Amino acid sequence: AYAGMTTAGQYPGIGRTATPAEIAAWDIDVRPDFKGLPPGSGSVAKGQEVWEAKCASCHGTFGESNEVFQPIVGGTTAADIKAGRVKSLVTGGEARTTLMKLSTISTLWDYINRAMPWTAPKSLTTEEVYAVVAYILNLGDIVPADFVLSDKNIADVQQKLPNRNGVSRAHGLWDLKATPDVKNTACMSRCETDVTLASALPEYARDSHGDLAAQQRAIGPGRGEPPANGTPK
Amino acid sequence: AYAGMTTAGQYPGIGRTATPAEIAAWDIDVRPDFKGLPPGSGSVAKGQEVWEAKCASCHGTFGESNEVFQPIVGGTTAADIKAGRVKSLVTGGEARTTLMKLSTISTLWDYINRAMPWTAPKSLTTEEVYAVVAYILNLGDIVPADFVLSDKNIADVQQKLPNRNGVSRAHGLWDLKATPDVKNTACMSRCETDVTLASALPEYARDSHGDLAAQQRAIGPGRGEPPANGTPK
Amino acid sequence: GTAIAQPLRGSDFKGESEILELPEHTKGLGQPVAARGYGSPSQFEQNLQRRESPGLTRVSAASVSFAPLQALFGIITPNGLHFERHHQGWWDIDPSKHRLMVMGMVKQPKVYTMDDLMRLPSVSRMHFIECGANTGMEWGNVAVPTVQYTHGMLSCCEYTGVLLSTLLDDCGFDRKNGKFILAEGADGSSMTRTISMDRALDDVMVAWAMNGEMLRPENGYPIRLVAPGLQGVSWVKWLRRIEVGDQPWATKDETLHYVDLMPDGVHRQYSSIQECKSVITTPSGGQTILDKGFHNVTGLAWSGRGRIKRVDVSFDGGRNWRTARLENPEMPKCLRRFNIDWVWNGAPAILQSRAIDETGYVQPKINQLRAVRGSRSIYHNNAIQSWKVAETGEVSNVQVY
Amino acid sequence: GTAIAQPLRGSDFKGESEILELPEHTKGLGQPVAARGYGSPSQFEQNLQRRESPGLTRVSAASVSFAPLQALFGIITPNGLHFERHHQGWWDIDPSKHRLMVMGMVKQPKVYTMDDLMRLPSVSRMHFIECGANTGMEWGNVAVPTVQYTHGMLSCCEYTGVLLSTLLDDCGFDRKNGKFILAEGADGSSMTRTISMDRALDDVMVAWAMNGEMLRPENGYPIRLVAPGLQGVSWVKWLRRIEVGDQPWATKDETLHYVDLMPDGVHRQYSSIQECKSVITTPSGGQTILDKGFHNVTGLAWSGRGRIKRVDVSFDGGRNWRTARLENPEMPKCLRRFNIDWVWNGAPAILQSRAIDETGYVQPKINQLRAVRGSRSIYHNNAIQSWKVAETGEVSNVQVY
């Protein structure tokens, strides 16, 4: 009965067909081309309700809080919306808000739908997700206060994202066949002629990680403290 | 100062010379040629005292106990002493006493000195070790009841050990260059023509290792119990 | 305080009490076998724990704990010390209730139980896993004191599981248009990552075991993706679903995080290969060298592009280099342990290691990386690490060029 | 009871509740990182413990606990499940007070602290360790039910330490007359074993680490001998002393035990090489095959003489054989994992594996071993293991020829 069944791709008795209902229950991802996006809509006003009830405690009333996670809103301008490039990313420091980085609106929709609120992921209705995404966009001055986000107009909103043109895949870290961007050589002698000490642990950070000696094995060469009988001999 | 010090065998700063007292404290091994045997002696009578006070509780008054470990005494004959080969080893089952196997007297001395009594190893004096070895030999009828074992006469006693000629090093499991004694061939098809079931777990032993299902992972193919929904389909 | 063996003192030195007075364990009876049916480390090893870096993240369930590389040996990371990275906390999932669904552009979408998966042809392979953000705190300046915090988002295990290609074949995936897969976890964050089909078919595994036993809960029990050479976030834990598709997904951790900011303000998206890298683990920051004289200097090297072919070590801040001894096995996308002799004469020194992989790529200096990528990239800092040894024997984290 | 994925039932089958109702862990927040600074296995893995074989020994401190091979993966044995063998119990020794003495036929007898040893040039290598008495209960007849008890005195780790040759060189050993070394432990039994100098200089190590961390107390913390290819008893734990000599020592465990009784009543002394051997771990005795259909049959192979080159598997009691897939790495004196496809049609079957090492030695049948060595040898039973699969799916231990 099992003759010939060990040929590649055939494992008799293993696994079963997934049902449509099962696929529907788990297939929640939404892609940049909006494949997977469920039909529906939500207003900024409704989004504000959701936000204040379920999000603001962690992310701040205006999405500005740095307490639980980096700020969601801030750092984008009307000029950025026009250009599709967030200018402060060129010059700014390391503080980057979600809206500064967001290049695909699907990402925000998908993530809130799957993972937020943090302590109760997947508890939002489809309308609530549309609404709260609309609200965040409104906080970022990307859509007006009377906006209703829906599967019909989300592609238009995509064209307003401040950083929609801000990403690139032309680099050496995605495709194994691509060329690395940084090169060193395997020089063996008289390589650096002047060795400059560019950086050391700042004084204020010395204690930041607790008692370092207590994080080392008490024997062997990798010890945190020299032995009782003193300094190197 | 450290020039040239990484040459083989030279590790500056590592380790120190052992002192004579330190070597004496740890160098307790006694070899078949009696290298390492400390001078001294002990009588069978003294040995009986030691045995009854410190050994008999585990090994039995006559070294016959099987409770805590296999018997120490038994299974040797006067003829064995003469031949230097224990005859019952040719025909007997798996029960083998210490004296049946003992081929070098140094082994008994060394082991009792280093490891017995089990709960207080290295607590015996040199005299006590000589004595208790003498006593065990006497229990095995190898030395008389008035015998005093010493570093002077131990080589003579070696010549009386029932199994002194009972060992061999001529086999394939000691020297990597030696030839293995058992050979099989890598036959691939029609190798065994009749497959005989020679042995299976006896009924009485089925429960000997407890609930086997509880010793298997509860998932995966290596389970102890078939799934609730039944036998192979 | 522990004693160092001293050179033989005057003739009045009889010996150490540790030798002359036999210790209790040489004169007594110890504990029985199976006293611990599943054992744990010695009581004297308690300093070695995985630890958080204070201030790095705001909440501990969306955070990272670092492996104590300063105290590990060889290439295998003990499962109890494997680094952790969770986005919505970890769970100990009942494996009998766990399912894996493979769907999307396939002929037959399928559901597998753990029983099903573990009956399939399996492979066992050793691979490193490194978080894309490892050493990320050091793009700008020295920020953290020890190798646990500079490089501790790195671990290496022997994984056992089924090749993802086996599952994709079993479901009859669309070989023509199926260019990407999405892997999704079963935790609250339902972590999602895109992997290109060529990599998925190459060496990606759905693994249930690490280092001989089932995955630990913190590492995705009962199944996780193993994506050799790719950054850790792609190694989706508590894996529940694989979808085959024709486009990448631009998920939250492909768009808002794990994107590398370049000097021109552009984010490199889908940056995921962990390039060739190495670090000296002993001696390293926060340690103190015991004494002048001979030392074995040791560390780890790895590359997401394949095998490690050579590691050079410098003791003078990069002026001169010597080639280290490499331990076996030589495995692709796996850690490799290196060792090199050093006689310390008590003078200040700067120690560095530089790895070369089978593609010929040479691990770069921090200034070479910064010249191309700036210092706001966060991810994929594979710079040569420098440790400064002071005259006192204290070792600290520095950057030189 | 766990569920097996069923073929798609009638059109009324909407799906499994495990999928349709999202589990708690997909809808909530889990535990933080570093909740456990040193982690442990899932709560669902508690069946897997090292265990004693009842009646094998009389007291548990001079006994053995067996590793649960039936549930392990790959080649690495998790340290918590490594088999144990103690003669006078185990101890957790303070490493700062532990010393190693190297003496005898050497120019300079020396004492090393742990600090000293760990500064020396180190190596990291993967090796199996097998007790010489492994499978010893089966010389006569089938005696025990599962692979844990038939083969569980077997483990495999990545060891880190210093080569014994480095220490012998450092002390200037007598190259001409120093033909043997004695290794001695620091426990109550002060276990002593003779090793010939050619082996000692070849690949024997003084190791302090197993699988990336320090040795476990049960395995000799802080140092043990690693004697690749030799039976476990030679891997002296809690090592305190190495003596160089010109003759073997005939210690208790070289004279009264670990001697192999031949049919002529002679004991083979110094029998210590672990010859080529293999065993199927899944399916194995005490397990039940879930279902007809496809199964991955897997097991372990090893040889004390070097590398494993081939493993053949028979499903019909040795009539016909197929060659299994071998996993990498291929390391000398190290476990090797094999896998082979099998479609079970529900009929009774007898499964066997047969390993071949780099010397060309073919693992023998039990009757071939008995023909030469009888059945009272106790040690070094490396026979082909047979597992019988009944129609019910139950797997049991049998001997066939």
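By letter and in written order, the chains are A, B, C and D; residue numbering begins at 1 in each of them.
Everything that follows uses one rule, which is that a contact is a pair of C-beta atoms (placed from the backbone, for glycine too) under 8 Å apart; a residue touches a chain by one contact, two chains touch by 3 or more.
Because the structure is predicted, anything quoted here is derived from the model rather than measured.
A comparison of the B-C and A-C interfaces places the larger number of contacting C-beta pairs at A-C. Rounded to whole angstrom, the centroid-to-centroid distance between chain C and chain D, based on C-alpha atoms, equals 27 Å. Between the CA-based centres of chain A and chain D the separation comes to 45 Å, rounded to the whole angstrom. With centres defined as mean CA coordinates, chain C is found 21 Å away from chain A.
With touch defined as above, residues shared between interfaces to two or more other chains in chain D number as follows: 1-6, 16, 19, 26-29, 44-45, 48-49, 51, 59, 71, 88, 95-96, 101, 111-116, 118-120, 188, 190, 208, 214, 222, 240, 290-296, 341, 344. Within chain A, contacts with two or more other chains are made by residues 10-11, 13-18, 22, 26, 118, 121-122, 217-223, 227, 233. Chain pairs that touch one another, listed by label: A-C, A-D, B-C, B-D, C-D.
The touching residues of chain A, when paired with chain C in their complex, are 8-11, 13-18, 22-23, 26-29, 31-33, 35, 66-69, 85-87, 89-91, 93-94, 96, 98, 101-104, 106-107, 110-111, 114-115, 118, 121-122, 163, 166-169, 171-176, 180-193, 195-202, 205-206, 208-210, 212-229, 231-233. In the complex of the two chains, the chain D residues touching chain C come out as 1-5, 16, 18-19, 23, 25-45, 48-52, 59-61, 63-65, 71-82, 84-86, 88-99, 101, 111-116, 118-126, 158-160, 186-188, 190, 208-209, 211-218, 221-222, 238, 240, 290, 293-296, 298, 325, 327-329, 331, 337, 339, 341. By the touch rule above, chain C contacts chain B in their complex via residues 5-8, 13-16, 19-20, 22, 26-29, 95-96, 113-115, 118-119, 208, 214, 222, 291-294, 341, 343-345. Those residues of chain B whose C-beta lies close enough to touch chain C in the complex are 1-2, 5-6, 11-19, 21-22, 25-26, 118-123, 217-223, 227.
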